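We just call them A, B, C and D in the order they show up, numbering each chain from 1.
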Amino acid sequence: MSYRHEQLSEEKVFKDPVHRYIHVRDRVIWDLIGTPEFQRLRRIKQLGTTYLTFHGAEHSRFSHSLGVYEIVRRIVENFKGKPNWSEEERLLCLCAALLHDLGHGPFSHSFEKVFDLDHEDFTREIVLGDTGVNQVLTKVDPNFPQDVADVINKTYRNKLVVSLISSQIDADRMDYLQRDAYFTGVSYGHFDMERILRVMRPMEDQAVIKESGMHAVEDYIMSRYQMYWQVYFHPVTRSAEVILTKILHRAKELFHSDYLFKLAPTHFVSFFEKDVSLKDYLKLDENVVYYYFQIWQDEDDHILADLCRRFVDRDLFKYVEFNPGNQYRDLMDLKECFIEAGVDPSYYLEVDSSSDLPYDFYRQGEDEERLPILLQMPNGELKELSRQSDIVEAISGKKRTDHKLYYAKDLIDQLPEDSDIKRRINEILKG
Amino acid sequence: MSYRHEQLSEEKVFKDPVHRYIHVRDRVIWDLIGTPEFQRLRRIKQLGTTYLTFHGAEHSRFSHSLGVYEIVRRIVENFKGKPNWSEEERLLCLCAALLHDLGHGPFSHSFEKVFDLDHEDFTREIVLGDTGVNQVLTKVDPNFPQDVADVINKTYRNKLVVSLISSQIDADRMDYLQRDAYFTGVSYGHFDMERILRVMRPMEDQAVIKESGMHAVEDYIMSRYQMYWQVYFHPVTRSAEVILTKILHRAKELFHSDYLFKLAPTHFVSFFEKDVSLKDYLKLDENVVYYYFQIWQDEDDHILADLCRRFVDRDLFKYVEFNPGNQYRDLMDLKECFIEAGVDPSYYLEVDSSSDLPYDFYRQGEDEERLPILLQMPNGELKELSRQSDIVEAISGKKRTDHKLYYAKDLIDQLPEDSDIKRRINEILKG
Amino acid sequence: MSYRHEQLSEEKVFKDPVHRYIHVRDRVIWDLIGTPEFQRLRRIKQLGTTYLTFHGAEHSRFSHSLGVYEIVRRIVENFKGKPNWSEEERLLCLCAALLHDLGHGPFSHSFEKVFDLDHEDFTREIVLGDTGVNQVLTKVDPNFPQDVADVINKTYRNKLVVSLISSQIDADRMDYLQRDAYFTGVSYGHFDMERILRVMRPMEDQAVIKESGMHAVEDYIMSRYQMYWQVYFHPVTRSAEVILTKILHRAKELFHSDYLFKLAPTHFVSFFEKDVSLKDYLKLDENVVYYYFQIWQDEDDHILADLCRRFVDRDLFKYVEFNPGNQYRDLMDLKECFIEAGVDPSYYLEVDSSSDLPYDFYRQGEDEERLPILLQMPNGELKELSRQSDIVEAISGKKRTDHKLYYAKDLIDQLPEDSDIKRRINEILKG
Amino acid sequence: MSYRHEQLSEEKVFKDPVHRYIHVRDRVIWDLIGTPEFQRLRRIKQLGTTYLTFHGAEHSRFSHSLGVYEIVRRIVENFKGKPNWSEEERLLCLCAALLHDLGHGPFSHSFEKVFDLDHEDFTREIVLGDTGVNQVLTKVDPNFPQDVADVINKTYRNKLVVSLISSQIDADRMDYLQRDAYFTGVSYGHFDMERILRVMRPMEDQAVIKESGMHAVEDYIMSRYQMYWQVYFHPVTRSAEVILTKILHRAKELFHSDYLFKLAPTHFVSFFEKDVSLKDYLKLDENVVYYYFQIWQDEDDHILADLCRRFVDRDLFKYVEFNPGNQYRDLMDLKECFIEAGVDPSYYLEVDSSSDLPYDFYRQGEDEERLPILLQMPNGELKELSRQSDIVEAISGKKRTDHKLYYAKDLIDQLPEDSDIKRRINEILKG
């Protein structure tokens, strides 16, 4: 039997708290899970700094990736024999699901922002480059790695396949909402996935949902909405991210200013120099980052040392509501005050904005066009979700933004009680 | 108001997936949680290498410690106003619960075995030494750190207090059984803790259980039994631990043989030299260990490099049933064969035995005497659990042991197909 | 000690699948639960005919009533010592919570509609009349029954007390959403009640919610919305209710036309004659109703016999979408066709409309004014929920209605295949 | 397509709180569910009087029957294509699973005891007699009803089929343990059924369990043990059953003594006369029984009226430990005292014993021989469970019995405080 169709002599299962069991029958999947590049995902937390807010959120991208694979496995099992579905695409779907996050590094969000990277580029490189993953995929077919990369990159010719991994109701989101809810322990994030999978139907360009499952989809959209505001955009998490970003900026600045590190930033050099090879990239996991931060607490540079201590000991910045739109002047004043007080505002003051669009059927002019969620009516007609659901209609296309100013309150509190600067800073912060 | 009795202006809660919410009202507890020594527990997994078997088991000792604190908080809330209970001991119970695992390092089990350490010594040092934790405790009362250390050390004068943290049905076990079950996703580990807490009564020397709660206690004992064999002693986990142990041994051996490390084992030196200061100890968390293992994959020493690669990439040893008692000769033969085959048996072959005693009312001559679980009958009389419960009686005092031989199967498989040694090895291993 | 303050020598608990345990310490509550009038609630299903759609929904008003009591018990425990709260009202709250549904009869909705009754009148009569419940309440204080009746009737002077039982986020709703979700098994109906209870604060006129709990309240409103459309208004349930209503109508008509029943409708006479005494009312539970329906299957009146058979054997009416507003003419035509076909449209055809208003802050000119849900901002200010929550704002005040036509499809299907009437009927029904 | 193989145009699902969804694809199954005999199971509680102890236990035999069907459906889906399994038996398994409890009447246990009936006889009669169920089964094949009856009767030629419905680890038990745990809300009754189903293998004479699933089976056996003692044999439930039995006895006695009932026991006559026709039997459901009990509260016979009131209002007998083996003399004395006190001991005093054998591999000389649970070792060998499991071995074959004496404590309490009889009675009861 060809490698593509090779089955394990006995099904393997992973015990998973979210999906109960993750089932593997394909030799290809089993081999992919065993590659160093996939195992590396164990060393990268799914939610970055969120565990500093919700202590249960210590789960890795490894478990999420298995979860997405399992959901797609169930979807394509349901699709079997249905119109518009070709069993030829089955293994491709499973591989793309399993590998879709392969290029994530530690604290991806912050690293991507500071070093201007895109984890999707690295996913592609791992799939196509000289890696264990590529070896396994190539054994299936020399063109197979490219197909997998295309699906993840959303450029694959069969859009139905793409939609299982990347759409507004894809396996990726269905797994992370449930998984992140489970590990944080919040009561949001639950919806009837079993029902959604049962009413999902393959169409030419995307998977659609039978209209009888609309309420389960509404519940899913609401879960998403709640998870964003309760978990993903939690201000304490963002405070930790602000500090993380500042550490990376500071290290980079010191590096370029020929500062003599006690512990040289070997693993970071290629990032600082904007020339990251795949090999360098794969070496960087959260353990390595934490190792540096821990050692850098003893650096001579006070700012780097202090920021690292804050991150390691979870001594985070405080925050207040702050609207950069109409408080531009306040921000300028604050920065001046900080400078006057001897506290560098580039490192100890930051305005961070998060915004979310819980559901949209179309965003004109955006790079990444969003597929709408389509309901299939009993008569076969397709209707866009928000036209049928009052609740979804109500939040559709409505962007919500939250602005906060993060700062080292302790440094300000240390200023003399009667100091003028302290008084001015606190006045601005109190709005 | 004194620091001992200081309450937060508003109760703080942590969202916890196991206990739903963890409630903090005492300033002392809040301050302890904020210390660097307590935050360090976030960087040490509760179950060491178990996440390589059960991918969900990525939770830290931090979340377990909060959980034990919360259970004790609920117990002492129930005890309020009951005979034999003094509110004076309340804060002591809470602090000891929170801090009882403070001295754990990364992969404690393996480190303790290889370097002959005891994490309890470090707990004591952290509580009594020059640390953030000690500063907080001392603010309560100069004798308070010693009291906390005594409770954790089981030498505190009030044995009731000790029994809440260290007995056969203590807050420690009640938390970890439930927490480990939750994060691994296994269906064992559940019991009606709410009921157990409701029927727990303070007595002079220990907490006892009202007889009406006996079945909930039986369920707890069974959970414990199942968790040990299904999770804690899982052979894949033990395989990872065998490799970990071998790495530590190899590094130590190389260090003493003046091998020139590319990355010097700075963080390990004091362990190799059996002179671990508190400061050194606190610096070592899992991130640091992983950092070394990752870098050491490129060491010149093949054994160290190979073992590190195995651990990092989860390329573990295989195992077979093996009874060292009556297979001593086999073991000797195997070692010889390995040597002949050019595979060092000191690093690629290991017999590991695990054994458990799910419940015992007395173990004569043991260092650590076990308190029996006592049931309080309706007439006030106390009876030892196994005298009332058939199920517990059935397993009481029965030690069960599992022996396995772990070895690098891939190295043996690589031997020529027709080689005599390969044949001999496989014969022995097939029993 | 006075009866009002009498505590049980030992707390009693009921195992409850929704709230885990229901705790009773007050002798008064314990005695109320033991009265025949309260035990009678065991013989009345919480969701009437819903079990014919969701087979798990077989739970009684008894368990719901205990649940509402338990929630209020937790609320007032949290209120203890807070401003605006008087411990004097504690027992009153508990009793009103426990007894608020006491006047419900079997299939209340249908009975109230057909016989023009109001279960709240009977609740009042049971509380104030010659009953076991009244005896218990009177022992507390001769005025106590009136106070309890006033709270349930929403006329009690202290509006805060009323709001715990009857408002848009009261203990009644919080229990039934969770309980009905649990027993039907649907995945909606879950929200973080523990959090809501923690952030509920007593104010002069009503309980309010601290703003930090807004998202939990949003989740609760969404649960309510989903439960209404997925469970409470399910068309199959409504079909059963249509038949039930028809049976009651038919029996009443036969009674007034001097039809000679084989089994005389003794228990119904006072309902038919609009002169229901409390004693008669209390005798009627679901068992009695079912007994009649079962026996009436053998009545000579074909319509009564057939309708009863349908109800007992769950041979329900089918349904189609039907808008009585713009399909008035269709309805008239259908009725004519039915008559022509020899099928009495008064009994075999019915348009049923359900509508729901998931949240509203004010409904002008309505009998029952709705208290808005108020959020307490960090600065103490109170804001109406929909002003703070986008989601709630989106559905606030929006009434949604569902119209369906129910009919005995089998009788129409039995008409000769080529009959003109059959064709006309099916044409109208297909819209 | 033949009726046997006819599939519904679209799969139907029932929402089930225990198994999430119950899936029906076969027309035969759908038609069976719609028969009056199957719908009748809605009017019979799964756990009889248990709801008077655990208020959530109001679920019916209808939902349990669907659950057993669903479990067997999943088992045979797993069996598909495996050795020893013939797809020919599939529909037979499903039908037998669905219908196995069809002959249960209201409060079966008590009725069977008082009237010397066996519900299995009625199951057979319903399957083979003139019923809707028989019509459906006959359409499959004229011999099919007999096959179904044989499977339920354990006499079917293929013992593997029988073992799915009736063995020590069958679908019946797996459903009721989980279902009864869910509805009562107790924390016992949970085990990893998904795992058990995955490791179940068809063998010639019975289904066996792969050895790797042993711990899940242990957990199942423990659940069973706990459920028996915590739920099924709860003394309050048994107290209600004692009263129920007494009512039936009294009514029978009155009937035979020509007592003139106000409400004649029409539905019971054939039971009293030991000549129960199928038609009579099917008419009797719990509603009917309750109807009589309610009306009989006004009978002239004080004993019948009083017992009915007790049952309806849940005014149950109290109980004490009592061993009829060595307290025979006490029992005689008690009876005499009761007579002297004017309280009829035949109706107000009863010793009830419950006993359970949680697991046994063989019970010599018993009518109903028990199949052992067999584990299939990796080498294919079969081993009896208790030989592999310490825990199961410990409880295997150990019968545990609980004896209690139930009596109308209130009637004794009413005796004059200084009466000699009262004193004597209480002395005996205090042991």
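Definition applied: a residue touches a chain if its C-beta (ideal position, glycine included) is under 8 Å from a C-beta of that chain, and two chains touch if they have at least 3 such contacts.
A quick map from chain label to UniProt name: A, B, C, D = HD domain-containing protein.
Computed from a prediction, not measured in an experiment: that's the story for all the values here.
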item	value
A-C or B-C, whichever has more C-beta pairs in contact	A-C
Chain whose Cα centroid lies at the greatest distance from that of chain B (HD domain-containing protein)	C
Averaged-CA centre spacing for the pair chain C (HD domain-containing protein) and chain B (HD domain-containing protein), given as whole angstrom	52
Between chain C (HD domain-containing protein) and chain A (HD domain-containing protein), distance of the C-alpha-averaged centres to the nearest whole Å	44
Residue list for chain D (HD domain-containing protein), restricted to those that touch at least two other chains	20, 186, 195
List of chain B (HD domain-containing protein) residues in touch with chain A (HD domain-containing protein) within their complex	14-18, 20, 34, 36, 39, 42-43, 51-52, 54-56, 58-60, 62-63, 66, 182-186, 283, 285-288, 290-291, 294, 312-315
Of all residues in chain C (HD domain-containing protein), those that touch chain A (HD domain-containing protein) in their complex	186-188, 190-192, 195, 215-216, 218-219, 222, 225-226, 229-230, 390-391, 393-395, 398, 400
For the chain B (HD domain-containing protein) and chain C (HD domain-containing protein) complex, residues of the former touching the latter	13, 20-21, 194-195, 198
